[in-house]
Every structure is written in structure tokens, then in C-alpha cells.
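Next come two complexes built around chain A: one with chain B, the other with chain C.
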Partner chain A sequence: MLKYELVVVGGGPAGLSAAVEAYEQGVRKILILERDKELGGILNQCIHNGFGLHRFKEELTGPEYSLRYIDLLKDTTIETLTDTMVLEISEEKVVRAISAERGYMEIEAEAVVFSMGCRERTRGAIQLQGDRPAGVFTAGTAQRFINMEGYMPGKRVVILGSGDIGLIMARRMTFEGAKVEAVCELMPYSNGLTRNIVQCLDDYEIPLMLSHTIVKVHGKSRVEGVTIAKVDENLRPIPETYRRIDCDTVLLSVGLIPENEITQNAGIAVDPRTSGPKVGELRQTEMEGVFACGNVVHVHDLVDFVSEEGVLSGRGVAKYLKGELETTSNFSTANGEGIGYVVPQTVNMSNVDDQVTFYMRVRSVYDRHIVRAYLGDTLVAEKKERKFLPAEMVNFKIKKDILSNLADGEIRFVVEEV
Partner chain B sequence: MSKEMTCIVCPLGCHLTLEPEGESFAVSGNKCQRGKKYAIEEMIAPKRVITSTVAVDGGSYPVISVKTQAAVPKELIFEVMEDLSAVMMKAPVQVGDVVIANVRDTGVDVIATRNA
Partner chain C sequence: MLDVCIIGGGVIGTAISRELSRYQLQVRLVEKNEDVGTETTKANSGIVHGGYDAKHGSLKGFFSAKGNAMYPQLEEELHFGFRQTGSFVVAFNETQEQELHHLLENGIKNGARGLTIISGDQVREMEPHLSKNITKALLCTTAGVTSPYELAVALAENAAKNGVEFTFHTEVRGIEKVEDHFVLHTNQGPIEAKVVINAAGLYADRISAMIGQDDFKINPKQGQYVLLDKDQSFLTDTVVFQAPENGTKGVLVAPTVHHNILVGPNSDYIDEKSDVSTTQDVISKILKAGSKSVDAINTRKVIRSFAGNRASSDRHDFIIGETAVKGFVNVAGIESPGLTSAPAIAVHVADLLKEMGAELTADPNFDPTRKPYQRIAELSGEELQNLIAEEPAYGRVICRCESISEGEIVDAIHRGLPITSVDAVKRRTRAGMGRCQGGFCAPRVMEIISRETGLSMEEIVKQGEGSYLLTKRSKDALERGGKDA
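Here is the complex of A and B:
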């Protein structure tokens, strides 16, 4: 049987960064398994720029960002297998995978990193009503068609959901000659970054219709139009506002779900708040020697932080293989008022270098508020922002000195008025 | 009269306020100098980096991604797109290879952002 110190499941930004960091920490027998025909993951279809400002201090496109990491592999002993699908991981950390070239294979791993990323919610996931013609795509599928496969999916477009991919695709389809009629967003606020609303919609006078949804898709073999409606405060469509828009294409940008079938089959529980495995400060899961990082743990909005999590899990793997990874924890984290989730879910201080970054999302838009961390009634730390938005992940850093002075327990994060 | 805008230079998306100051503007709310440059440029002559694809012959995919190496005047976006649609590259292509030099006399090159 093939034997490796570390097997990485998924060769996108999280997996690449985890493998490179583990290598830098002295791990030598590393294998990355990737199901697409090349490394880089979803970045390969994200041809717009804006990646890497934190990580590389310059503005790169997605393919350029992933190539930086792929190039780093060249000077290492890290091996890669593309066009290879991981089927499952056994309790003994035997990785079962399949590829057209090699057929079925079993690989014995001392440590595993899960970096499978996430996938888009589909028409079925949101129970979009109406006919079922061709022409309804997730935004990411359309993105791959245009940016990699060289196909144009349609000419007149309505986009449902204002996630970043939807906004980016509104601009991209406009560039390629399509007319984007509208972007409908169910919530009264956008789910995308403000800069994307400015540079992808406002620049091209594409209307963003907040508190609107598509109630029906029309069309026999191809989409012919949609009926849209305004929704009330309970998100229910208001019949008096029904209006038809003619179009041949509907793009859905209605959220992402971490892809955790392999995780769950391995017996690792998924946290309902994140839809990802519970992880510790070095992204260790509840299964010994198994780590997880990036969008498989929770959906990020910036790849830079995906890479950062990859680094953490790479360090964790190296520590684990040396037998130095502490498995107990000093702190658990909890999401209090206004906070949807917190990652990591546990912290062991002996694995912390100088600080812990807690990632979290607020549940709705908060102006003039502050996020505070409490242990019992004791205020541990606080984080101010001009505005907290559900679309923008909060990075809450707490110094090791502060955490070291606390008794073990639960750190609770809450949004409070200033 | 002051003007408000969201900076698009990076994903931080700073909220900028501009106040007229002589021939130019005083910018506040920016967390970096590039934000100030963006805000003033946006008032005088807005520019954007264009990212798109061009056809490639003999690559693993039928298109490769490209970008303008720097921001170009916003009003030229669709003219640049037209030029890009006429391009057919031949593999091998390396990241950074020039696809169109000095596109539309902007002094800016369009370069490949992907290998083929």
C-alpha cells in the first residue's frame, strides 16, 4: 500500500497552503489529491483581481494566486495526483481514492488534511418554483463555463442572490455582451462585499433589488422569463408586486455549503452553525490526526484567510507527527447574541504561538456596535468596526498573554451596542 | 460639497469621504495611500483593471485568463473587450506573457494570468 506522512484531500488554496506549511515544518512524505485535472481549485475560474492583498501584499487574479502556491511545490518533495477523487477515509486513516489513470487505490496516511472546499446551493436547495427549462445555472457554474471552458451561457440575465460570485458574474457577463436585467436579493441587505456592488453593479447601472426574489421561472425548453416580487418583513412575496422580466438565463448566487460528505462518512460530526467539522486552534478535528482548513470548515470571503487556515493546519500536522500536539483544550468558544458562529470551537494554549484569530460572522447588519469576548462575566477583549455586515467575516485576534491569564472555560462572543 | 464613496482598491472596502480642496480633493476614511489615489482618480478620470479571457489554440482549455497590467480608463472597457475577442493565442503561454501591447494607446499591456 502507498504510505504517506500526510495526505491532503483537495488541491485548492487551503490544501496547497497546508501542504507547503507542513513541508516547511519538516514533513517530507506529502501527497495532495485533487479531483480536477489541475491544482488550484476554484481560484482557476476566479479570473478577476483582488486576491492576495493580505498574503502577498499585491493584487492578483485567482489563477495567479494559485500559481504562486503551485510554483512553491516545485522545490519540495510534495507529490500530487490530479483527476483523482477521494471516496472515503477509514478509521485507520486509509484514504480510498479513484482515478481514470490509476484506478482504485488505498493510501495509508499518518495524518490527513481535509481541504475539499464548498459548493454552491442550487435551485433545488432554495426550492425555486416554476418551469424547469435549460438556462438556470449557479453563478459558479456560469463562471467556469465562461472563464475556463469558453462558453457563453446566455444573453439576457436575471441573477438571484447578491453573493460575491453573483456580483462578479453580473459584470463578467456584461463584459461579454450580455444584458443583466437585475440582481434580486431576498434580504434587505446585500450578501456581497460593498466594493463588488460598486465595481460590478453600479459601474454598469445594473439594478440591485433588495428585498426581492424570483417567485417563478418561465420557459419551455429554455428560460423565457421570471416573475419577481418584493418580499415583506417575513420574507414572504407580496402578490401585488409581482412583475415579469423577460430573460433567457437565471444565475443563482444563494450561498455556499462546506462539502463534508467525506468528513461525515469518517464519523466526524459537523457543526450545524458552520456546516463544517468542529476544529481546534490548529484546525485539528475530533478525529486524531485529521485536520481541516478553508471553506470545508466555514465559508470564507477572502482567500487570504483560507491560506492562513491552511498554514495553521500544516503546523498542526507537523506537531502531531512529532507527537507534540496537545489534544485537550483550555477554552471552548460560543456564539452569543448577534453572532452566527465562531471558529475555532476549541483552543489549547500550548499550541498557540502569540495570538489566536477567532473567525466569526454577525447575524445581521450592525451600525455603531462592538463585538466583545467574555469568559463568564469577565470582558476578555473587544473589536470595533465602523459597521458589521453578515457578508464580511469578522477577524477577532486575541493575544496569548491575555488568554494565558484566564481560567479555563467558555469564551462567548457577542455583539453589543457601543 | 462633500462626496462619499466605497473604495474598491481592495476587499476592505473603506468608506471614503471627499472634500474639495483647491484643484483636488481632501480624502478621509482611507486606511492606505492607494485609497486616496483611487478616490481622487475616481473623481477626475475613473480607471479600472480589466480581467477577461482570450482564445488559445493548443492549450488544455479553449481560453486563458488575462488582465490589463494596470488600470485603464473606464470608458475604454468595451473597446478593450472588442480587441480581446479578436485575439487567438498559441500555446505554450506563460503567466505574464503580453497578449496585447499598449492596448488602445493606454500605455498599458494586457498580459496572460494563466499558463496554457
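Here is the complex of A and C:
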């Protein structure tokens, strides 16, 4: 049987940065398994600019960003197998995978990093009713068609959901000569980054219709139109506002779901708040020697933080292999008022270098608010921001010395008025 | 000149075609769409009923009990997917309990097997996630679930192997009786046949009227469904019907052959035969009604909704037989339990042809079997190793949700029926049927169809004429030049 110190499942930015960091920390026998023909993950289809502002202080395209990492692999002993699909991982950390070239493989791993990314929510998941013609695509599928396969999926488009992929696709389709009639967003605020709204919609005069949804798809063979409606405060469509828009394509940008089938099959529970496994400060999961990072843990909006999380898990793996990873925890985290989730879910102080970054998302738009961390009634730290948006992951750093002075317990994050 | 021309490639038409392929006959099946099983046969509950429900004395009662008994052997021969899960009709109160007794008596008369009435506790012992409020149930151990479109495909592939011709995109628009035979006028030119079998589903009344037999009408009666993710399969692995109350049938919660959970249908007459749209109102009602039977239905686990229309005739029973026009046979009004009845109806139609004077000589080369798919999701490590060594395409996973390999897709494309749509591949292999609903694999499935059939990417449809997926090359691709952009 093949044997490795570390097997990384998924060669997107999360997996790449985990492997590179583990290598830098002295791990030598590393194997990355990637199901696609190339490394790079979802970045390969994101040919727009906007990646790496934080990590490289430069605006790169998706493929450029992942190339930086792929280049780093060259000077290392890290091995990669692409076109290779991981089927499952046993309790003994035996990785079962298949590929056309090598057939069926069983690989024994001392440590495993899960970095399988996420998938898009679909028409069924949001219960979009009406006819079932061709022409309803998730925004990511349309992106793949245009950017990787070189085909246009339609000419007149209505986009449901204002997630970043949808916004980027609005611009991309326009650039390719299609007419984007509208972007409908159920919520009274957008789920995309502000910069994307400006650069992808405003600059092209594409209307963003907040508090609007599609109530019906029309067309027997191919989409012929949609009925849209304004929704009330309970998000229910208001019949008086029904209006038909003719189009031949509907793109859905209605959210991403971490891809955790392998995680769950390995017996690792998924946290319903994140739809990913619960993790510690170095992204260790509840299964010894198994780590997770990137969109498989929680959906990120910026790849820079995906890479950052990859680094943490790479460090975790190195520590674990040296037998230095503490498995107990000093703190657990909780999402209080206004907060949807917090990652990591547990913290062990002896694994922390100088600070812990807590990633979280707010549940709604908060103007003139502050996020505070409490341990019991004690205020631990606070984070100010001009505005908190559900679309933008909050990055809450707390210094080690502050945490070290606290008794063990639960750290609760809440949104409060200033 | 054909001996027999069958109109319609649903489960009824394909079952008849396969039955007739046992004999030395010139048979052709014509279908207006691009594949078999694309209408009512693709959107129904998929239940192989026990045969207790349809009234004794009706054709429905007679054929469903007989058809049910034929499924195990059919599955052995054709491998389309059938599981004898058993079914419950559950009661929540005394009036409904009464109904269970009526059903039991009726079932015994129909010749249905495996029927008993059990207590609510016994029900929950078998299926712990069923509702605490169930007081009693009629258990039928011979009921099961099947994959109706895979059945139609399997029947058609096997019929084709045994010499039946299939022509798609061929719509019958008029029928003439000329002396002792028929001329069918289609959009693809005329077809001559001695015997015509009308298995046109929702449109069987129109076909029959073409030859002057307009003594029945088919009224479309809609049924909408929701399908839940496989991870909800714990809810039940037995089909759960609700006992009727005040004349209305409840909603069923049933496992599918592939371990998803199906909830539905409603039963409402609609105007247009081809209207298979879903509505939020009905879907909400179905979910509410369905949740009476089980602990809870998690609506976040819905992966898709869909609708199918029953070919409900104004005679309220199957219409099967030769008409006043000699040689013209109707197999019409085949609403539920038509799927269950299909194999028995097919045998009956063959007998009918004999009675009508056709010469049915057994074909010594008839082969009743169809080779099963190699499903990588079901193989052991060693089996996978051997398979991939022999055929590397089985090592390339295309649909990650359902673990479907390129090998399976290529196999499906080369089984004798022409493949031109993404949905045809989906119905055969399940690529695109999982939780991501083809978001990831559709482009790759299209590439494989294109490569294997020579169709261009733009020619490949989702399902049916006009359901194109791609409009043109992107500017970017054109600028980069050529096909490999």
C-alpha cells in the first residue's frame, strides 16, 4: 500500500496552501489528490481580477493566483495526482481513490487535510417553481461554460440571487454580448461584495432588484421568461407586484454549500451552522490527524482567507506529526445575537503562536454596530467596522496575551449597537 | 409493410414492443420525442403496487395484481431497478381503519398477495421514523418501487436487440385505413402497417380519433412531487400511503429505487396535457400532508420538484382492445397503476393479436436479457481495480454526487438507442440526479455525448426539441481561435 505522512484531498487554494505550509514546517512525504485535470480548484474558472489583494498585495486573476501556489510546489517533494477522485477515508485514515490512469488506490495516511471546497445551491434547493425548460443554470456552471468550455449559455438573462458569482457573471455575460435584464435578490440587501456590485452591475447599468424573487419559470423547451415579484417582510411574494420579464436564461447565484460527503462518511459530524466540520484553531477536526480548511469548513468570500486557513492546517499537520498537537481545548466559541457562525469552534492555547483569528458572519446588515467577544460577562475584545454585511466575512483577531489571561470557557460573539 | 406499428414510447409502448419481440414479427415503435420514457413514464410515483387498491372487477385491478407478480423476473432479466420494499397504507383514526379492511378484502379478490393489517406499534417497529399518530396499517409485502424511465429504456433496448425498430422525432399526425392495412402520416413521411397499437398516453384520444374512434376522452390529471436528498433515506424504506378519507387520497412518502425520498402527489385536473409546471401552493400542501406520515420532512433537503400528468379517461378504467376498426388497437387511459400493470398488459396485447388472427411464431433467437451496468459506486476495491484496468474510463468520475464514471456514460450511449440529450444520459446513468443536479457534470456529460455521437455541443439538448443549452461560441473562445479554446 502507498504510504504518506500527509494526504491532501482537493487541490484548490486551500489544499495547495496547506501542503506548502506543511512542507515548510518539515513534512516531506505529501500527496495532493485532485479530481479535476488540473490543480487550482474553482479559481481556474474565475478569470476575472480581484484575487490576492490581501495575500500578495496585488490584483490577480483566479488562475494567476493558483499558479503562484502551483509554482511553489516545484521546489518541493510534494507529489500530486490529478484526475483522481477520492471516494472515502476509513477510520484508520486509509484513503480510497480512483483514477483512469492508476485504477483503484488505497493510500495510508498519517494525517489528512480535507479541502474539497463547496458546490452551488440549485433550483431544487430553493424550490423555484414553474416549467422545467433548458436554460436554468447555476452561475458557476455558466461561468464554466463560458470561461473553460468557450460556449455561451444564452442571450437574455435574469439572475436570481446576488452572490458574488452571480454578480461576476452579470458582467461576464454582458461583455460577451448578452443582455442581463435584472438581478433579483430576495433579501433587502445584497449577498455580494460591494466592490462587485459597483464593478459588475452599476458600471453596466444592470438593475439590482432587492426584495425581489422569481416566482415562476416559463417555457416548455427553453426558458421564455420569468415572473418576478416583490416580497414582503416575511419574504413572501406580493401578488400585486407580479411582472413578467422575457428572457432565455436564468442564472442562479443563491449560495454555496460545503462539500462534506467524504467528511460525513468518515464519521465526522457536520456543524449545521457552517455545514462544515467543527474545527480547532489549527483546523483539526474531531477525528485525530484529520484537518480541514477552505470552503469545505465554511464558505469564504475571499481566497486570501482560504489560503490563510490552509496555512493553519498545514501547521497543525506538522505539529501533529511531531506529536506536539494538543488535543484538549481551553475555549469553545459560540454565536450570540446577530452572528450566524464562528470558526474555529474550539481553541487550545498551547497551539497558538501570537493571535487567533475568528472568522464569522453576521446575520443581517448592521450599520453603526460593533462585534464584541465575551467570556461569561467579561468583555474580551471588540471589533469595529463601518458596516457589517452578511456578504463579508468578519475577521476578528484576538491576541494571545489577552486570551491567556482568561479562565477556560465559552467565548461568545455578539453584535451590539454602539 | 410492418406487421405492427406501436405509437408511443412510454412504459406501455415499450413493454408491448419487448413482448412482441419474442415473435417473428416486423415491429416498429414510433415516438414523437427524442427518447423513450419522456412523458408520463418519467414523472410518477414509481410504485409497483400490491394490487389491492384498484377496484375488483376493473381492468386496473386485474392487470395490477398480475403485473406486480411479473416484476421480480423482469428485473432479473433486464436490470432496470426494482426493490420489493413492501408498502403500508396507514390509518390515523377509526374511519381510516375501516378503509384498511375494505382494501384488504378488495385485494384478496384481485388476487393480491402478502396482505395483513398490523398495529401502529408494529409499523413503527419496522419503520421507526413513521408518525406516532399512526394507529393501524395495511401491510403489503409484495409492493415495491421501480425506476420507471429506466424500465422503459431497458424494455426498449431489449426489444431493439431482438429486432424491433425505433424511430424518434416521429409524430403521428394522421392515420388512414387502406384496404387491409394502415398508413400512418408522420412528420417523417408515411409508415405502412397491418396492425396499429395506440399507446400514446395523454394523446391516445387524439390518435384514436384520427381513425374515427372518438368515443373516449383523456383528461390530464396532474401530480406534483418533491424529491429529498439521499441523506433523508432514514425516514422510511417502505412505501407509505395514507388511507383515503372523505373521498380524498392522501399523499405518499416513499423511498425510490436509488434511496431518495419522494413526497407527493396531488391529483387535480388541468387544462393542458403538456403542462408539467409546479406551483409553490401545491408543493407546500404536499409537504404538509406528507409530514403527517413521518416524524418530520426537512424542506432544506429538497433537491428538486417535478410534475407528471395522468392520462385519466372519462371511462375511469383502462381502455384496452381492438376497436371497431379492425387491426386498430387502443391501449389508452393507462393512468395509475399503469406502470405496475405494464408487463401484464403487454402479454395481454400479444394474446389479443393472436385472437385477431396475427401469426405469432416464436423467434428462436429471442434473448430476454440485457446486461447490467457496471456501477462504480457499487463495486469493491478489487472489482474496481480490474474494471479500470480493462477500461480506464471507469476510473474517471463525471458525476460526483452519484459517483457515475465516464465508463457508465459511454456504455449508456452505445446501447442501441440514439442519445442526443443530457437528460437521456441522466435517466440511464443518474449523472446529474444527485444533490448538485448536474451543475458540475452537465458540461462534461455534453462533451462525452459530443465525442461519442459526433453531435456538436450546440446540437445537444436538455430534453426535447428546442431545449438547447448553448447558443454559440463565446467571443473569448473565438478570439482564442478554434475548437480547443
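Observations on the model:
Simple rule for what comes next: the second predicted complex is superposed on the first by the 418 of 418 C-alpha atoms of A that agree within 3 Å, B and C clash if a C-alpha of one lies under 4 Å from a C-alpha of the other, contacts with A are read in each partner's own complex, and residues count from 1 in each chain.
In this section, contacts are C-beta pairs under 8 Å (C-beta built on N, C-alpha and C of every residue); 3 or more make two chains touch, one makes a residue touch a chain.
As the structure is a computational prediction, the values presented were derived from the model and not from experiment.
In the superposition on chain A, contact of A:386 is made with chain B only, not with chain C.
Of the two partner chains placed by the overlay, only chain C lies in contact with A:222; chain B stays clear of it.
In the superposed model, A:119 makes contact with chain C only, not with chain B.
When the two complexes are superposed, the chain touching more residues of chain A, out of chain B and chain C, is C. Of the two partner chains placed by the overlay, neither chain B nor chain C lies in contact with A:108. In the superposed model, A:36 lies in contact with neither chain B nor chain C. Of the two partner chains placed by the overlay, chain B and chain C both lie in contact with A:146.
Shared interface residues of chain A (contacting chain B in one complex, chain C in the other): 146-150, 175-176.
For chain A in complex with chain B, the touching residues are 37-38, 44, 47-50, 53, 59, 61-64, 67, 146-150, 175-176, 193-195, 197-199, 203, 301-302, 386-387.
Only residues 226-227, 274, 276-280, 283, 299-300, 302-306, 376, 381-382, 384-385, 388-389, 392-397, 400, 403, 406, 435-437, 439-440, 442-443, 447, 457-458, 461-478, 480, 485 of chain C touch chain A when the two sit together in their complex. Residue ranges on chain A touching chain C, taken from their complex, read 35, 83, 85, 87, 96, 98-104, 106, 119-120, 122-125, 127, 129-135, 137-138, 140-141, 144-155, 175-177, 215-217, 220-222, 248. Of all residues in chain B, only 5-11, 13, 15, 48-53, 55, 60-63, 65, 67, 74, 77-78, 81, 95, 113-115 touch chain A in the complex they form.
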